[in-house]
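Labels A, B and C are assigned to the chains in the order they are written; within every chain, residues are numbered from 1.
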Amino acid sequence: MTAPKLQLVDLKKEFSDGSVAAVDGIDLTVAGGETVALLGPSGCGKSTTLNMIVGLEAPSSGDILIDGRSVIDIPAGRRDVGLVFQDYAVFTSMSVRENLAFGLKVRRVKKPAIVRAVGEVAELLGLTGILDASARDLGGSELQRVAIGRTLVTRPSILLLDEPLSNLEAAARLAMRKELRRLQKEIGLTIIYVTHDQIEALSLADRIAVMNAGKIKQVEKASLICQQPDNLFVAGFMGSPPMNLLRGKLVRNGAGLAFAKDGFSFDLPSGTTPGEGHERLPAVLGVRPEDIRLASTGEGLMAARVVLVEPRGSDAVLTVESGPQTMKVIVPSLGRPEEGAEVGLSIDPSSLVLFSGESDRRLPLFAEDMS
Amino acid sequence: MNVMASAAALEVPRLEVHKLSKAYRSKRALDGVSFVVPESALTVILGAAGAGKTTMLRMVAGLEQPDDGRIMLGGRDSAGIEPKHRNVAMIFDNLALYPNKTGFQNIANPLRIAGMRQPEIETKVRDVAAKLKIAHILGRLPKTMSGGERQRVALGRALVREPSLFLLDEPLASLDAMLRIELRAELRRLQKELGYTFVLATPDFAEAMAIADTIVLLREGRVVQIADPQALYEQPADREVAKFVGAPEINLVRAHYTPGDGGHVHLEGARYRAPAALSRRLPQSDLDFEAGLRPEHIRLSAPADGDLQGRVADIEPLGVDAVVMVATTGAELRLVLPARSIPNLAAGDVVGLSIAAEHMLAFDLVTKARLA
Amino acid sequence: MPARPLTPIMAILLVVALVVTLFPVFWIVMTAIKPPTDWNAAPAIWVPANPTLVNFRTLFDPNAIREYGVGGVSQSATASVFGSILASVVSTFFSILIGLFAAIGLSRYAGGSKVTPLIILSGRMFPPAAIAVPFVIIFSATNIIDTYGGLIAIYVAATLPFSTWMLKSFVDDLPREIEEAEMIDGRSRLMAHVTVTVPLVRGGLFATALFIFILNWSEFMFALVLSYGRISTIPVQLAKYVTATAGTLYGVQAALAVLAMIPLVLAGFAIQSHLARGMTFGAIKR
């Protein structure tokens, strides 16, 4: 069995003043040709992790293995890892061609090889037309392609990109997303993105590692991570808007269990045996905004008042208040209520997700149900 | 809110911009821009980078002078009035907090300049800080605050003056995606609660739609459309507006209209009843036009059941939904599907598409303007 | 970045650099405490066997050195020390003041093209010797020759290109929105620059001030041609320590040089922390 392309083993990075660790023991395995996104809010440790993989920062403990070999003692330039900075750091005094050739010239590669490599990369990124333009005159997405190209010419086996789309305009962002996905498919690089924008992560990566406070909270396929959050943080982070999280506890209700909160009680579907859940366990009920409907009659009806309406075009996000609880509901644009309107919320019990209020982990509702 | 709006319309608008123009050297930043902002409204100036949004706001604030046109603040011409006399608060995209002053001192600054006495300053600053939930960071310097906290301090500095107009230039640009969404809802709630008039500039259409009462869409220094969010989405002025507002992007396909029999549209080999608005516009003539189809108005079906057939070109899962690109004979169409339905779909599959033609938009091929 | 260990080559280079930089200082200090007999000794005497303070005393008491059999020092150096202080401090002050507001004007309000910095600096590209004579003529005609006022005027004019250019780069690095926020908060345009812009470029201000002060303090050419007896600065005074009998009085010159160094060293230490920030001439943003 071949070793995975990249492996992070219990990687830690502590600040010199001994306070909160920037990276607090993360494990990650990335297979060759895979694209993984490190997703998380500012300060979660994703950029520090990236810097450690490249070699710009040394870990406090733990190991980084590329192709099965530890690279901790190998200096940054020699790890066969390429990094594209968030603000591109393209040399404005040089032309595009010179920028692309730079990495190879520094490595004393012979001229014909440089010309060939530059030509290939330029074609791959659609830069052949502007090879002789000065970097100073380029726009955002062109600059980014040059930044990527400059790293690609050195043929790294792993490519790291720090917030690749954040400096681009909306239209350019869309175009670049397509390009990056095409690049992935065409050259089969192993790519790692770092981003705070989940749409970016979802559209670019095969797998997403959600990070918070220095730890990886969940690693899952991009297509599944929204549907199957493993823990409270991921549930409250993924999704536009993310899942509504109601804090309460589990109580016995006749033969089955119910979720109770401030006098409001919601029966869990009969036959539910929530994993390690038990009576009086503090629990968090997760309800997706798209799984709540406005209704006048029906099961699980809750009275609420519309506090804010945010149109999105095809639909709208309502912020509703039911007693002390605030929730977000997605409704179609047509016939949506106005602010201040009193509405009834109907929740489909089969769409509910339950989390333990103690461990923050998801509780499977049925013994064999894991989805 | 409707009652408020119509009552406000009878009053003098908080801001009126009339035929505003400004050029820098040879480049035209603004060209004949006019719009009205009623009292207590949140108006968003929406436009791509370079559209002129920042120039516009700076002129309203008095930091720059227009070459042509008038800016009326509360009914009075503002020409020649210095920024400090305009009673306008501005929040810049880089927040422009005083780096050498604490949160408290930043917020207190305008009151100090006005010569207010210390005890009064204390009360007002703590009041605003409580409202913005930043009481705990008042003693800190900006560089030790998080993005969201800095944002609120900038807001506090503006709020404490109780100005008649708030100008916000991409205030959320430097924040994380999640924080941006959180804070923009807060901004909106604050604005409504306090009844202030806000003018906010942004290049992000989703942000504009979420919080605006009215959106003024600028393109290369000119006003292209002024409408409320839903109207901007459903009745874009031209094809560029239709492309700019909406994600995933609208599909634009060549189509042909025939008037006979109540009006029909021919698209990619399929025939549909023309939307009522189009038939009304063109009772007699044939027309080639560009059809705008929003991704949510196209459904996937079995190949035999659809009006059109195509091959799946690409599948992009985006969390709860997925965007699927289907290639038909002449075009590539984008549709949105719930993520649940895509595990059975793969690139290369032949599928059927049904289009809800009644929502179709029509754009003139030459002028690009919307016909219906 | 993990710290790179000091390699032997780097250590050698560092030592060489230190020696080259500090040796002249060492030599001057040693010479200042040498008795006249050691001044011209060959082979050179590195550290005097009988150090003495007579050179320093001679600066203020011209006859002090006669005890070594050397004569001919005509005047005390006191006037020149005061003269240098007056000329340098006042001209630095005005150079910075005018330069600062010129910098703000250029940075915030002027269009400016790519050649603006070049145009500002071009004022300094004239070799002083080439324009010295015309200035003597002009100053004589206007009766400001041999006055401190005249000297200060020349110093301000000569250093203004530097102060403007250096301060402009510091002001450029300050986002203009911070001053504009102050203006919107209620301050007038000019006051906003005073209360916001100036404090925030403090580091650059100190760095530039020190630089300009050094230029003025060590200026020789103009001070020489524009002084005829009423005004005197240290560099000019140094040149006067040449006698017919004993040749150049190296020791006395060295003593004056040591005294002249002291204010510069002290100023450097005093603003050291500000200097570090200022000397980066604007770090990368974003």
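Quick note on the criterion: contacts are C-beta pairs under 8 Å (C-beta built on N, C-alpha and C of every residue); 3 or more make two chains touch, one makes a residue touch a chain.
Because the structure is predicted, anything quoted here is derived from the model rather than measured.
Novice: Please identify each chain that touches subunit A as well as subunit C.
Specialist: B
Novice: Using the stated contact rule, I'd like to know whether A-B or B-C comes out ahead in C-beta pair count.
Specialist: Between A-B and B-C, the larger count of C-beta pairs in contact belongs to A-B.
Novice: As a test of understanding: of all chains, whose mean C-alpha position lies farthest from that of subunit A?
Specialist: When every chain centre is compared against subunit A, the largest gap points to C.
Novice: For subunit B versus subunit C, what separation do you get between their C-alpha means, in angstrom?
Specialist: The separation of the two C-alpha centroids amounts to 57 Å.
Novice: So how far apart, in whole Å, are subunit A and subunit B when each is placed at the average of its C-alpha atoms?
Specialist: The separation of the two C-alpha centroids amounts to 25 Å.
Novice: Could you pull out the residues of subunit C that touch at least 2 other chains?
Specialist: If we look for residues of subunit C contacting two or more partner chains, we find none.
Novice: Across the complex, what residues on subunit C touch subunit B?
Specialist: By the definition above, subunit C touches subunit B via 111, 175, 177-178, 180-189, 196, 199-200.
Novice: Once bound in the complex, which stretches of subunit B touch subunit A?
Specialist: 1, 48-49, 146-147, 176-179, 181, 185, 188-189, 203-206, 209-211, 229-230, 233, 244-247, 249, 294, 296, 316-320, 322, 336, 339-340, 342-343
Novice: Can you name the residues of subunit A that touch subunit B in the complex?
Specialist: For subunit A paired with subunit B, touching residues are 41-43, 169-171, 174, 181, 196-199, 202-203, 222-223, 225-227, 237-241, 288, 290, 307-308, 310-314, 317, 319, 333, 338-340.
Novice: So in the complex, the part of subunit B that touches subunit C is made up of which residues?
Specialist: Residue list for subunit B touching subunit C: 25, 61-63, 82-84, 88-90, 92, 94, 96-100, 109-110, 113-114, 157, 161.
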